[in-house]
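What follows is a single structure, and I will ask about it in a moment.
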Amino acid sequence: MPYINVKITREGVTREQKRRIIGEMTQVLVDVLGKDPRTTFVVIDEVELDDWGIGGVPVPEFRKSGA
Amino acid sequence: MPYINVKITREGVTREQKRRIIGEMTQVLVDVLGKDPRTTFVVIDEVELDDWGIGGVPVPEFRKSGA
Amino acid sequence: MPYINVKITREGVTREQKRRIIGEMTQVLVDVLGKDPRTTFVVIDEVELDDWGIGGVPVPEFRKSGA
Amino acid sequence: MPYINVKITREGVTREQKRRIIGEMTQVLVDVLGKDPRTTFVVIDEVELDDWGIGGVPVPEFRKSGA
Amino acid sequence: MPYINVKITREGVTREQKRRIIGEMTQVLVDVLGKDPRTTFVVIDEVELDDWGIGGVPVPEFRKSGA
Amino acid sequence: MPYINVKITREGVTREQKRRIIGEMTQVLVDVLGKDPRTTFVVIDEVELDDWGIGGVPVPEFRKSGA
């Protein structure tokens, strides 16, 4: 029954990387909680860099500041 | 006051189908809880097939496996 | 594959009402999009009145204002 | 540690406006709760008008109805 | 139409602080985007410290590590 | 920058299991995307069985049906 939502910045994540994230995150709940993979959802949301803020500024600016 | 978020795979859902989902889901809360439609939000998120995992693999692969 | 999240204020919603919401919301996606109920999740979140804001104030205050 | 998710309709919000939203929303939690901006996330999701329902209809229709 | 979800750790946030968060976050979208407060939702979710991870460990452990 | 939200049914998950979920899910994004654990959030939400629907009915009923 688990639902796992993974929000990451849109920075060229490949299909194969997404496939690994889906597989490995599902496996964590199989290993730790014995969940059934067939009723475990993983949804990946990619977010534009300008739409993600940290330190009170958008990510590109935060990274430039070297914080 | 309700907020309903509907995540579905991006597979050609039409405007009319979205309109029906909005109307009928709102109506469920009007019928069951007597909620006011004017302060009931429905937000539909369409998710790419490769971004949705079930059974530990992306949806296209899960469907091919016939699981 | 759909995931439906329903956020409502915590105001004495009964088990039977939750059961109806689950059933009827699932049915909307069966009717409109032909989705399989066995891979359709509905998650209901009840939110305390003081934790839900509308009109810039918590719900109890908004309702008192008769807005 | 806070995570703020802001869902708004996709209606031409500019980069500068997003930057202000990120900065000012982060500042609210700095002011009110003394949170550290460096571990405060703000994620903005823009939603298509047809994907957002209010009053049981999509936003464009709701606005036309003058409700 | 905006929906703002604020996830914070459960650490004794008072009703008055929640009221300020609701009011000030709503005001940000009034100021920046000219949104109508009456159709702006703010939902605050308080999360137990053990249910929030950063640095790969629960918050209490992260804080003890002085990271 | 990632934000991982894990929704699971409330069925006696222990602190140690939550700690493992936080650590191992963070590690997936370190391994696959090279993300920095210090700016990776994991939030676990436990959901009452009656608040989670699958197959159009609450989880307890779904399990009894042996589906």
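A, B, C, D, E and F label the chains in the order they appear, each numbered from 1.
The definition used in the following text is that a residue touches a chain if its C-beta (ideal position, glycine included) is under 8 Å from a C-beta of that chain, and two chains touch if they have at least 3 such contacts.
Being a predicted model, the structure only gives us computed values, none of them experimental.
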{"item": "Set of chains whose contacts include both chain D and chain B", "value": "A, E"}
{"item": "Pair with more cross-chain C-beta pairs in contact, given C-F and A-F", "value": "A-F"}
{"item": "Centroid spacing, where centroids are CA-atom means, of chain D and chain E in whole angstrom", "value": "13"}
{"item": "CA centroid of chain A to CA centroid of chain B, Å", "value": "20"}
{"item": "Residues within chain E bordering two or more other chains", "value": "1, 3, 7, 21, 25, 39, 41, 43, 52, 54"}
{"item": "In contact (per the touch rule at the top): chain pairs", "value": "A-B, A-C, A-D, A-F, B-C, B-D, B-E, C-E, C-F, D-E, D-F, E-F"}
{"item": "Footprint of chain F on chain C - complex, ascending", "value": "15, 18-19, 21-23, 25-27, 30, 37-38, 40-46"}
{"item": "In the complex, chain A residues that touch chain D", "value": "7, 47, 50-58, 61, 67"}
{"item": "Chain C to chain B touching residues, read off their complex", "value": "1-9, 13, 17, 20-21, 24-25, 28-29, 31-33, 35, 39, 52, 54, 59"}
{"item": "Residues of chain B that touch chain E when the two form their complex", "value": "1, 3, 39, 41, 43"}
